[in-house]
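Note that chain A is present in both complexes that follow, paired respectively with chain B and with chain C.
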Partner chain A sequence: MSAERRGSNTIAINWRGLLLLAGLAGIWELVPRVGLVDAVLLPPFTQVIGRLGSLLLSGSLWPHIGASVWRVLLGYGLALLVALPVGLYIGLREQAEKWLGPLTQLLRPLAPPAWIPLAILWFGIGNTPAVFIIFVGTVLTLLLGTIGAVRDVDKHLVQGALTLGATRTQAVFQVVLPAALPELLTMLRLGLGLAWMCVVAAEMVAVSRGLGFLILEARNTFNTTTVLAGMIAIGLLGLGMDVGLRQLQRRLLRWQAGRKAYGVLGDPRAEQGLSGLA
Partner chain B sequence: MRWQRIAVLILILALMLLGSCGRPSTALRIGVRTANDHVPFYISDREGFYRTEGLSVTTYLVPSNTEIVEALQRGDFQVGAVPVTTAIAAIDQGAHLRIIAMTGRGGDGLLVRQDSGIRDWADLRGKQIATIKASILDVLLRQALQENGLDPDRDVTLVYFQKLGDMISALQTGQVDASSNTEPFMTDAEQQGWGHILGYYTEQWPDHPCCVVVAREDFIREHPDELDAVLRCHVQAVERANADPNYTAAVIVEYLEAFNVPLVEASLSLDKMRVDYAFSADEIMRMARLMQAQGLLEHEPDTLPLTESSPLARVLEGR
Partner chain C sequence: MAYLEIRALSKAYQASPRPVEALEHINLTVHEGEFLALLGPSGCGKTTLLQIVAGLEAPTAGQVLLRGRPVQGWSRERTLIFQEYSLFPWLTARGNVEFGLRLAGMPPATRKELALATLDRLGVGPFAESYPHQLSGGMQQRVALARALVLEPAVLLMDEPFAAVDAITRRRLQDELRQLQTTQVQTVLFVTHSVREALKLADRIVVLSARPATVRLEMPVPRPLDPADAAMWEEEIVQYLA
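Moving on, here comes the complex of A and B:
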């Protein structure tokens, strides 16, 4: 489904990815139709897509989409605001990691639903606890990712900049951050996916709109078709946002083009070349 | 060669997955929740009623109603106990289940804080009420609000939760003004001094059905003797529960691993709730119509095969 931008104006469709998705959708359609799986537990693909379409056309899905997107962006944005500067600070200072490392490792395994009772007690009901759960579900992963990205920067680059007269601030912003950017952008994508993964748990907390709420409500009435339609909607939104981040990644990391090992081992010509070199 | 191995592995995994779907197991498994009115199943399990009937039964305590229905539909359970609204919604969505007996009546109502100043339904206007969307607590709350002259969508704000305990926390800490809830949580709140039970939904619908016993269609059809034996145990356990509330409360505390015997016994008083086995198709249909009026069903209730009363009738005749 992903669309990849080639050059500046053309968008290349990932036909192989589409073909795989179509194949899986075909199997999904077939399995309940021929009775291999109970259609109540797994409704056919077309039935689920039909439900998704009818929810969209009737307008009843849009408030849920709007509520979830808003919560994800807010929770994720707040997590970024905390994780990036703190991660940069810890990544540059060994002592800071010694202080904060155990705390982050202690909190990281706590699943978002575990925070629900505390979220209600601390923040009441409505959007705030939901946003908090997305925040808490993503912030530590983003923090550890930032620390790792900063730590992975080649120290010779920093030393070189300082030797050439750069101030510490210049070294951080003009050397460390650009060098950490590839890892940071990958982490941003992972964090966004994580934020969407938290949305169902977040919307268990006293909200009346959101795709997670829609899924939970449908589950209460054993409406598997709507549950799956809600899940597909979350998947599509997550995919759409990821495509946007990938475009940003490609734009910011243009200098990396042609330098990555990605695809080399899968390319027979390159493998031939490598063995020839050996 | 490597691809052939991967293909064989995928095939084996797919066959294992498909083989596990919808296949009823040979041992009889019953899924119930941790709730006051599921006590007949605890008693049957504890007192060995199933063994006496020659049945090999494992009773599973499951944390949520939907998980019981999902397990029933998969064939992991043959019999289960769920709120009547959950059973009706599942059948509406095509689940191959039938309601075959009752487990409890009443027990649901509206809880407010003692210091809230809310002493009448009219005082709820403009307030926030916690409930669980599409649950029996929600269906009966909406009915009660309407019968007390309040529009559930305009005169109050319904705040949706997923767990009873979260609603109690929200009410206790003042996040909401009232909570549609159930026993023994409501009596517990009252005994602790912070809660006040505004009313039970039995005021709007006396002796309304709460939780019911459901069974898979194929089990009803193919194993009538086993089903009758399960229902005999159920009837016996209901009678035992009603005969000795103190014993019943002790069993509930033992299985729930929560609350205490005097509290649970207080919540079992007849003006609050009662366990029962008898049911009528009419009262189930009334609940289905109520759900339909609230937009919770996709089909006309009259077209739904909701109940199967002959096994219980057979058991009662044979006594």
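Moving on, here comes the complex of A and C:
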């Protein structure tokens, strides 16, 4: 394997994004230090990072991380387990959307915290209601995403496969699914972000471990530094999982490599009459 | 006995306030090894007719018979080629050609050999391991043709297959298709809206009317076709299309 090929497999570091982050961290550091904001309400950036580091080193953060990751994986995994097959089934049928439309419109405005009272009534306290909240917070998005991905598959690909001798089942698994894969993987990344957004809400439900629990407990003791450290930990974990999924995306979609992705304003070269078609 | 027979075929779509008639009582026969071009104004139902022959749509009345037997649903005997974007983008050119062979249960080594030979025959052998997005529109259509021909279909159904490529490529693809079709004795049902393309390729031309489509004209194309005659035929057919 050539060096070039290997290079395309690693995600390039986004220097502009890091520069912006560094700038914001600098502002964050300065604002309490010069006394613009009370340091009790907004402790300086380095103090928060220091807290995060000491929590990690002392080992007291790991059980919280473990509990949150486990809940995210379980709730999100269950949501996928339901949404992927059901979405595939519905996406393949013309009439299904008419059945499902009003229901999804009704459920959509219900944010994850809205499910908390019900989750407690149904499942008591502990892990189950927390996992349930992540499940309900992601399943609808995943379901609609799967339906959309399946519906967007070019029908010529399916018809072509059928007249090449495919059965209906073969067409679904060997054509519809691979054709929908790019959109499904994008949805998978969006959904995982959503699951992390749900985890804090989920951990408001009387659990005794988890990053959301850590944050709420720190709030009760007016420990702003730990609140922010916990928030940064959630951000980093979400980012880490997204990087993992992006690697998977690259690996699975290698056949798309080289396809240029332009912004909404199109290929800038086209304006100068240098479009790829010319 | 007719090879492919379209018998009293009608198709109407449910719509409000009343159903739309797409095809009305179409009768056609195609002989074995014949190249039949279907001409008609845009939106007249040519594609619908092709879809029904492919078994992807059901007629409202009438039937399609292949070698005297009514067709039921789709089959690799009646392979369909579209205008564009019909290759599986996640498979290489060779993977695309092997698709039907794999479904038919052919062992990997045999189907690889056959796929490569077919790609070679269509002049895209060097691109066997390329993905569709790396190929030009003309080369993609050659691969699509290879993918269909490798299955030796009883009838090759083509829905304006060269409409999306540039004029020079189109002319070359037409020449090559005509040559392949005669050397292989391949039966072809070819939908186009170009009179010139039909005259160049077909043994016989069928002109359909505007919606609901009925057969307006059936004419054999004399071979070889004198260019002066071709111009005259073109004039005449265009009048039927109007």
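Quick note on the criterion: the second predicted complex is superposed on the first by the 246 of 278 C-alpha atoms of A that agree within 3 Å, B and C clash if a C-alpha of one lies under 4 Å from a C-alpha of the other, contacts with A are read in each partner's own complex, and residues count from 1 in each chain.
Rule of thumb we're sticking to: a residue touches a chain if its C-beta (ideal position, glycine included) is under 8 Å from a C-beta of that chain, and two chains touch if they have at least 3 such contacts.
The model shown is predicted, which means the values in this text are computed figures rather than measured ones.
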First, second, both or neither for A:Leu181, with chain B first and chain C second: second
Residue contacts with chain A in the superposition, chain B compared against chain C: B
Touching partner for A:Ser208 - first (chain B), second (chain C), both, neither: first
Partner chain(s) touched by A:Leu157 [first = chain B, second = chain C, both, neither]: second
Which superposed partner A:Gln170 touches (first chain B, second chain C, both, neither): second
Chain B versus chain C as contact partner of A:Trp255, first or second or both or neither: second
Partner chain in contact with A:Ser58 - chain B first, chain C second, else both or neither: neither
Chain B versus chain C as contact partner of A:Leu121, first or second or both or neither: first
First (chain B), second (chain C), both or neither touched by A:Glu217: first
Of all residues in chain A, those that touch chain C in their complex: 154, 156-157, 159-166, 170, 175, 178-179, 181, 255-256, 258-259
Contact footprint of chain A on chain B as seen in their complex: 18, 21-22, 65-66, 69-70, 73-74, 86, 89-90, 92-96, 128, 130, 132-135, 158-162, 165-166, 169-170, 173, 175-176, 296, 298
Chain A residues within the chain B interface of the complex: 31, 36-41, 116-117, 120-121, 124-125, 204-208, 213, 216-217, 219-224
Chain A-facing residues of chain C, complex: 51, 54-56, 74-76, 78-80, 82, 85-86, 88-91, 99-100, 103-104, 131, 133-134, 147-148, 151, 157
